[in-house]
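Labels for the chains are A, B and C, by order of writing; each one numbers its residues from 1.
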Amino acid sequence: MFRLDELVERLGGELLGDPATAVRRVATLEQAGEGDLAFLANPKYQSRLAACGASAVILAPAARDLTVLPRIVTADPYIYFARVAQLFNPPEAFVPGVHPAASVASPIPASVTVAAGASIDVDVELGERVVIGPGCRIGRGARIGAGSRLNANVTIYHDCVVGRDCIVHAGAVIGADGFGFARERDGSWVKIPQVGRVVIGDDVEIGANTTIDRGALDDTVIGDGVKLDNQIQIGHNVKIGERTAIAGCVGIAGSTTIGARCMIGGQAGIIGHLEIVDDVVVSAGTLVTKSIRRRGVYTANLPVQGHAEWVKNFAHLRHLDALVDRIRALEERKERKAR
Amino acid sequence: MFRLDELVERLGGELLGDPATAVRRVATLEQAGEGDLAFLANPKYQSRLAACGASAVILAPAARDLTVLPRIVTADPYIYFARVAQLFNPPEAFVPGVHPAASVASPIPASVTVAAGASIDVDVELGERVVIGPGCRIGRGARIGAGSRLNANVTIYHDCVVGRDCIVHAGAVIGADGFGFARERDGSWVKIPQVGRVVIGDDVEIGANTTIDRGALDDTVIGDGVKLDNQIQIGHNVKIGERTAIAGCVGIAGSTTIGARCMIGGQAGIIGHLEIVDDVVVSAGTLVTKSIRRRGVYTANLPVQGHAEWVKNFAHLRHLDALVDRIRALEERKERKAR
Amino acid sequence: MFRLDELVERLGGELLGDPATAVRRVATLEQAGEGDLAFLANPKYQSRLAACGASAVILAPAARDLTVLPRIVTADPYIYFARVAQLFNPPEAFVPGVHPAASVASPIPASVTVAAGASIDVDVELGERVVIGPGCRIGRGARIGAGSRLNANVTIYHDCVVGRDCIVHAGAVIGADGFGFARERDGSWVKIPQVGRVVIGDDVEIGANTTIDRGALDDTVIGDGVKLDNQIQIGHNVKIGERTAIAGCVGIAGSTTIGARCMIGGQAGIIGHLEIVDDVVVSAGTLVTKSIRRRGVYTANLPVQGHAEWVKNFAHLRHLDALVDRIRALEERKERKAR
């Protein structure tokens, strides 16, 4: 429970209305009730302010007079909401110590928590206050920075590095072998040992069941502040720049480099050995098959249609080249006539 | 081993031929032999009846006279087959009790099975006959309804709810944080605490390595009778209506609502904040980028071509707008001439 | 550390330059330094030879005189590189034995390694030198051939078979139920028991978090020498021929058969009940919706564009059929005039 004046003291913003108004959680404009602090981040929802039952509201300067509720005015209400939500919902406090059903083969700081069923191999270095969830496996020689938290059943392969204050969700696999094989003439495959590591920066979040492969010769590198959603696959020797965010189910093939502050939409794919510069946005479902040299938004996906319409329209895609020939033929006749 | 008259007594249907015919498993028309009960569900396979070596056959009224084999006539042979297969293959019977290598921090019913390496946190409620597979992690305050079975290495995060008679396959992760961040001007991300839950109804099946994120403020909700295949990603605050079935590798982004009895094909994607009504079918590989307001089948995927043809045809997609301009120009000249 | 003459003695090839040259690891042309053995596999990189700091180089006969460095000349430098890399980086040597925090309910050979937190059910058969990583779950009646290695948190369901010398990466799930349900008139689903197995050949590699479902009635079969990357989903009753390689995030729906020596690009999808012959290459991101009867390369994906261009061009896809009608109308007028 915070009073509005306490919030403004900690997080800034201009306070209008009763400073003693108490709020105990954040909520959407629609669902907020007594004791809730709502927020208006997107002007298109401002009509919802009228009926809002919140005790107070966070809003932008342009919206300051749209309600008589106690309110906090701030340049970016969504960021403010995020910070208030963090105040109301601090990260879980873990009791330090090693669960008796964990297996730990390296010396670790007393501030570390290791849950039931976790196993930590030899030569592992864990920073202060690291949390290793139940069933996690930390391979030989791996390093995890202070304050990082691994949820359940996370696997960190040998020698991989995770920075400080990272969050890794359940089932993620960091450092499995990259998909590297040389092909014999008869089609059989000779495995290329994958001797690079995965090196992950600070303040990175990695979603559930996401996989990041170790490098073949050099390392796979994930920059500081990168946010990865669930079920992402990152191939060997990929490099991802700082603060890039990648939505669920994206696949990035080997040796591709992605710049800083990119945003990659869900189910997008990026083939191998490409370069994508900083500040690129790739739309959901888009397969990137060429390097992207200029910042901007890039898209390649199809409009959904009713199935019958789709059958009619898309049959022509097989014959687009012939269609263009027919147009050219029509144009040429015109040309001849014009002459 | 069942006699045909025993099957008909339990499951209904009309019996033709020797009621004492004994069958001990179900099989396809092609592979069935002595002691097998085959089924003809799809009329296009009826030519296979002639050579079928089964001891008996399940078929529809229209096909009743297509064989002289002992047979069960029923309106829906595929449903009948499913029910016979369930009789022949009852779910594994687990011995109740907690394995000595499990860690259980909540009181649980005596009828529950907890396998080796599983860990159950405090304040967890498990219904009667729940089975917790090896290596599963049940977070603080989670609830799992009677008769539900979790296979190996499943993670249920804190406070999530799984209904009765659910099946969750290995590696599934229920309740990891949704992908919610507010973006600062400098491109850095402020985490929005994900304080909602995942609430899963009764009779739901969840495939291997599927992930369902907890809600940001409200809950993510999966309705009764929903069937989810493997490697599906469901974002925060998604709602899925009763009996909807979703095939493998589908991604559904945050805050999207899907109606009841929908069928979503493999690798389809649905972007966030959409509404899809009841009884919608989405074809495999289709990315849905707009709400769907009417029941029906919706599709957006490409015809596969030999690579050389594809190169020829698809190059034109970049210039479709110019192509349309050329057609328009041709039409306008015609217009002018006609005048 | 190997001398070049030792390498040539073991692996063949023609040695030019000082046979006593010692190398201790492999590296790319760009990054190689003192003590490194670099390789030139792709002629387009041959300009990098000049500045290469390696102690020696592997190259093809055509490139034999492009450097004065000590070198090994061989028909396929990439295969040679792979084999040298294997010499320099032999697989980890595991100490045989069962970790005290593992649960083993079957008799196993003394040469087997079972790590912490692993659990092995009854009636399991493990070959010599099998390695079961931490947190793996081997179901009742499963069999794993000699020399196969499972990384952490792998789940093998009951009765499944893994061949010899396989590598299975963390989080893979072998043998979960296929997605098999019969649909009642009211839209509810009746589960069809999945009683087939997964049968995996020898020398197969399976990537992290990849899932392979057990067969419904018959088995799902993965041939010898198949290589599967991460996050692949393989449905029930799929058959994959020998030495086929499949990149990350591919989904293959039930009952599809894929030939030998195929290569399937990342994020490709193949719908169910298809047949794909030997030696087929499917490009990344391609959804295969028909059987492929002839070897060759097959593609269906879209060119990426800047978002504004894409909006302009792709709007027309909804109207392609009408566009073709307009072209036809133009052609018909021409025809009439010509007559």
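Simple rule for what comes next: a residue touches a chain if its C-beta (ideal position, glycine included) is under 8 Å from a C-beta of that chain, and two chains touch if they have at least 3 such contacts.
Treat the numbers as computed from the prediction; the structure is a model and nothing was measured.
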- Clusters that remain linked by touching, subunit A excluded: one piece
- Task: Since subunit B and subunit C are copies that touch, just let me know if over half of their interface numbering is common to both, same, or not, different.
- Result: different
- If you fit subunit A onto subunit C using only Cα atoms, how far does it have to rotate, to the nearest 5°? 120
- Query: Just curious, how far off is subunit C from subunit B if you go by their C-alpha centres, in Å?
  - Reply: 25
- Shared interface positions of subunit C, touching two or more other chains: 101, 117, 135, 153, 171, 209, 231, 249, 267, 301-303, 305, 314-315, 317, 323, 327, 330
- For the complex, which residues does subunit B have touching subunit A? 101, 103, 117-119, 135, 137, 139, 153, 155, 157-158, 171, 173, 176-177, 179, 181-185, 187-193, 195, 209, 211, 213, 217-218, 231, 233, 235, 249, 251, 253, 267, 269, 271, 281, 283, 286-290, 292, 296-303, 305, 309, 312-314, 316-317, 323, 326-327, 330, 333
- Query: Residues of subunit B touching subunit C in their complex?
  - Reply: 25-28, 31, 76, 78-79, 81-83, 85-86, 88-89, 92, 99, 101, 115-117, 133-135, 151-153, 167, 169-171, 205, 207-209, 225, 227, 229-231, 243, 245, 247-249, 260-261, 265-267, 284-285, 301-307, 310-311, 314-315, 317-321, 323-324, 327, 330-331, 334
